[in-house]
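Structures follow.
Each of the next two complexes has chain A plus one other chain: chain B in the first, chain C in the second.
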Partner chain A sequence: PQETLRTALAVGADRAVLAEVGEGVALGPLEVATALAGLVGKIQPQLVLLGKQAIDDDCNQTGQLLAAMLDWPQGTFASRVQLEGGSVRVEREVDAGLETLRLRLPAVLTADLRLNEPRYATLPNIMKAKKKPLEVIPAADLGVPAGPPRLRVLQVQEPPARAGGEKVENVPALVEKLRSCGRI
Partner chain B sequence: MAMAWRAAPRVAARLALGRRGIASCIDPSVGLTEDQKEFQKVALDFAAKEMAPYMAEWDEKEIFPVETMRKAAQLGFGGIYVKPDVGGSGLSRLDTSIIFEALSTGCTSTTAYMSIHNMCVWMIDTFGSEEQRRRFCPSLCSMEKFASYCLTEPGSGSDAASLLTSAQRKGDTYVLNGSKAFISGGGDTDVYVVMCRTGGPGPKGISCLVVEKGTPGLSFGKKERKVGWNSQPTRAVIFEDCAVPVGNRLGAEGQGFSIAMQGLNGGRINIASCSLGAAHASVLLAQEHLTVRKQFGEPLANNQYLQFGLAEMATRLVAARLLVRHAARALQDGREDAAVLCSMAKLFATDECFLICNQALQMHGGYGYLKDYAVQQFVRDIRVHQILEGTNEVMRMIVARSLLQG
Partner chain C sequence: MALWRVLALGTALGRRSCCSKPSLPPDFVEALSAVVGAPNVSTATAVREQHGHDESMHPCAPPDAVVWPQSVGQVQELAALCYRRRVPMVPFGTGTGLEGGVNAVQGGVCFDLSRMDSIAELSLEDFSVTVEPGVTRKALNSHLRGTGLWFPVDPGADASLCGMAATGASGTNAVRYGTMRPNVLNLRVVLPDGRLLHTAGPGRQARKRAAGYDLTSLFVGSEGTLGFLTQATLRLHPLPEATAATIASFPGVGAAVACTVQVLQAAVPVARIEFLDEVMADACGRYSGMGLPVAATLLLELHGSRNSLAEQQRQTEEIVRLNGGSGLAWAEEPEERGRLWAMRHNAWYAALALRPGCQGYSTDVCVPISRLPDVVVETKQDLQDSGLTGPMVGHVGDGNFHCILIFNTQDPEEAQRIHAFTQRLGRRALAAGGTCTGEHGVGLGKRALLLEELGQEGLDTLRSIKAALDPHNLMNPGKVL
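Up next is the complex of A and B:
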């Protein structure tokens, strides 16, 4: 994890904080949101930017949970973000298309793929990254409860293999088939 | 049907994402510091996104990718081992080798030119006066301007010290007459680092002058048509009563040959590093092809002869890489035997990597011969690495001399 933070510093971040969790502790969105809420308490930011969902569990919950804990407005699946004084204008990718919101700061945003292209680190910034502060805080200090995870994955299975389709001769036969399957 | 042209960017992307598994024995990040891994990551990313998708087009249309190189310069690749006070990145020779090796997976020809450019900026940075460093280096580090290294002439290649381009002192100028051959970037670049004769015969009569494009009396020959390195123009550089201010001389009169050779020590490591990148990409291309292509009812990868071939390629690659990095460290540390090690590294790596790329082409069968497939471009682009910056024959001369006279 320190490597990931150093890369972020190399790309332009000013400082990094690592909330350290013990070996083998499983973190779900609730635990991560709790830790972030603790960090927000320490750092007092105006804006929290998260990914919209993690690639391992695909939960899409952390940002929303955090906003609820802090009682802050949330702009999730953000594909465009513009700061406007004391508020932020967010374009969200939703199923129906694009939704634009204006949120009063402080706020929580989660990033969609289309938000931007990550910039390259530059060689001088990679070297400067070593000197930028990286603080390590035990997760327990941020209020993350010790103990077993509250969520346990019982089973993961593939969807059933698709049965083959069937060709019909003409439209009346199609309608008949659909009726007999109960589709219409 | 085996894979198509898109293979090169996909292979470059695999390298950039650092996918382990089968390829971990040839992983180029082994043994590197955290910082070096970061440099390598940036360079691999850049190669995968900004170079690999275009390397075929640049080769076919003979495009000198100025904008892409300037983007690279913004990341610090314009003066990698040049001092930061004039815009360089101040990194070591080993860092430089790692970076060029990574960039070369995206486009070997363009990376090789960038290494020549870097070599020229370093020469000005190291041997130039404060005034010269400040005048030339910043715009070269940003690649606002490009540089060329001018040593070889029609009559003097391996016998570089016999060069004939003369620079006659006239007041506060040198007047140059003569011509240089095979100059990478010639005609398109802005700053020419020229080795010319100010004194008597032999190396001690040679000085180094910086000549700027647009100087009256400076002209260029036709663009050469080459087997590879097509993303950089190659032309003769011609001097006809070309007057250059004395203030453009790097170092002292008679120091030019030494400056040229010291530049080449680094240049040799850089060229060797470019070969390493091409070879690595070719190994991955071959590995992928062997798993996908089937003959006689099975993937080619089930064939022991080809398995052995791939193993040999991987072994050569790692051996070559180790020697190049060893030489880079020696040069950085200023060891007495550094120049000899650089020659060994250049000799070994360029020869071995050509064998690797050529074998990868063979493994592709007929497809390897088509320009739709990237492997042939790696072969064509690195073939010349066995010839320039000192032929591999001259590299042997340097090593033999050190063993028999040293």
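Up next is the complex of A and C:
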């Protein structure tokens, strides 16, 4: 996890915080949002930028939960962000098209793919990143409960492997095949 | 040579149609299955046809079977098997070559190596990494994100890196970072009889070595005729701290090319310097909706630290203005630069859009920089005299340019003019002390020009080497020699 933060520092962030949880502790969106809310209490930012949907659990909940906890406005799936004095103008990618909102700061935003082109870290910046501040805080200090997670994964399985197609000689054979696998 | 085949104006020896039935004995196919497993062998027509052509105009020549080895041990076993039974073997990476390198003109077994796709031994201090044939250049750079390193060789397609090593590929960055040849440190080769060879010794990637004949360099550019490149150790480069790109338009081809020569002579370490003639500039501008002036154009990119970049920009601006160039707005953000280079990379499609319904054929000559202005101007005149549509695009920093000839395959008279033009162009480049192929390789179509380029002694030496490593001519027969 520290390496991920160092990469972020190399790409341009000024400082990093690692909220550490114990070994084997499961984190769902609620726990992550709680930790972030605790951090917001300490740092007092004007804007919180998150990803819209994590690639491990695909939940798409953390940003929204955080906004609710803080009672801040939220602009999710942001594809364009523009600061305007005490507010932020956000273009959101929604099913119907593009929705433009103006939110009063402080606000929570979650980023869509189209927001920007991620920068590459260069070697000089990677070296400078080693000196930038990285703070480690136990997650419990941020208010994350130590108790069992509210969500429990029961099962994860791959879809069945694709079987090869089969050619049949004629139409009667096709009908027979469809009948035998219960399709008709 | 290539166009004769395209237009079926004659039947060349060993030419196979797309509908030929596989002709391998069943027990042989079973033996192949025994090595890799039945799901990894195919004799289906569609699969064979897919593996019988690349992105060139050479007609499809399907192999008799396609196999997908999963490990180098399997490649060795399969090769030994084919060698024993004297069956031709054709290596296959991404099938994105431009000279018919994967066309199985004598049938045989196509080894599709794309399932072997590990990236290993990444060393951030030594700037090296080892990749198997299934890894493409974009996949590698994606993997390297966050390390501060990159692999700069960038041919148009997202090609297999081992395939790029096999064809000695090059790209827009070659003028500063080199082609594949200087960037391959070691190759793990399966020889035609199944033996394993590490060209610089197993597990070694010294940045320089003087230990024996340079086998790595021998196999780079061998186009699958000497063995299977199952793993390549590559030299990585640090990402530039600052980058700036720009477009400059010139009053004529001569001015644009002269500007290039002067930029190089002023020792500006330009990272990319690409030329578009006015036809290409117009086509690209319209295709990507960017509206370029219809004039000879240069696209330049500079890499460096913040300070050195500013100096390079100053020097470049001065030289461009000296040659009557205009329009130097520098793009520094990745999004802007991305748009600019995407416009350049779409040159092929932009050219095809000039004459819908036609096919394209790309020439690929490379001449010494000092002769570049003359050769380009003469070639443009030849294009006009022959009445051909052939927008030009080129890596002028290396003296390498391509005419993308757009022609109607149904018109034999135009085909004759194209054939004559490409022969003249090849010979013009050779007469200027250059080469008939800067980066695409010899493949099927340039074997006659290779003889003129190297001379009989050169070709005989190549043949001796081929005979020493592949005495039964089983590795990709019909190519290069």
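Just so it is clear, the second predicted complex is superposed on the first by the 154 of 184 C-alpha atoms of A that agree within 3 Å, B and C clash if a C-alpha of one lies under 4 Å from a C-alpha of the other, contacts with A are read in each partner's own complex, and residues count from 1 in each chain.
Just so we're on the same page, contacts are C-beta pairs under 8 Å (C-beta built on N, C-alpha and C of every residue); 3 or more make two chains touch, one makes a residue touch a chain.
Everything numeric here is computed off the predicted structure, so don't read it as measured data.
Because the two structures share chain A, they can be overlaid on it, and in that overlay chain B clashes with chain C.
Once chain A of one complex is fitted onto chain A of the other, the partner contacts of A:Thr7 extend to both chain B and chain C. Residue contacts after overlaying the shared chain place A:Pro160 against neither chain B nor chain C. In the superposition on chain A, contact is made by A:Pro124 with both chain B and chain C.
Of 127-135, 163-171, 253-261 or 289-297, the chain B stretch that intrudes into chain C once chain A is superposed is 289-297 (criterion: clashing C-alpha atoms).
On chain A, the patch touched by chain B and the patch touched by chain C overlap at residues 7, 10, 120-124, 126. Of all residues in chain A, those touching chain B in their complex are 3, 6-7, 10, 120-124, 126-127, 129-130. Those residues of chain C whose C-beta lies close enough to touch chain A in the complex are 145-150, 238-241, 305, 334-335, 338.
Here chain A touches chain C in the complex through residues 7, 10, 116-126, going by the rule given at the top. Across the interface of their complex, chain A is touched by residues 34-35, 37-39, 41-42, 45-46, 74-77, 80, 84, 89-91, 99 of chain B.
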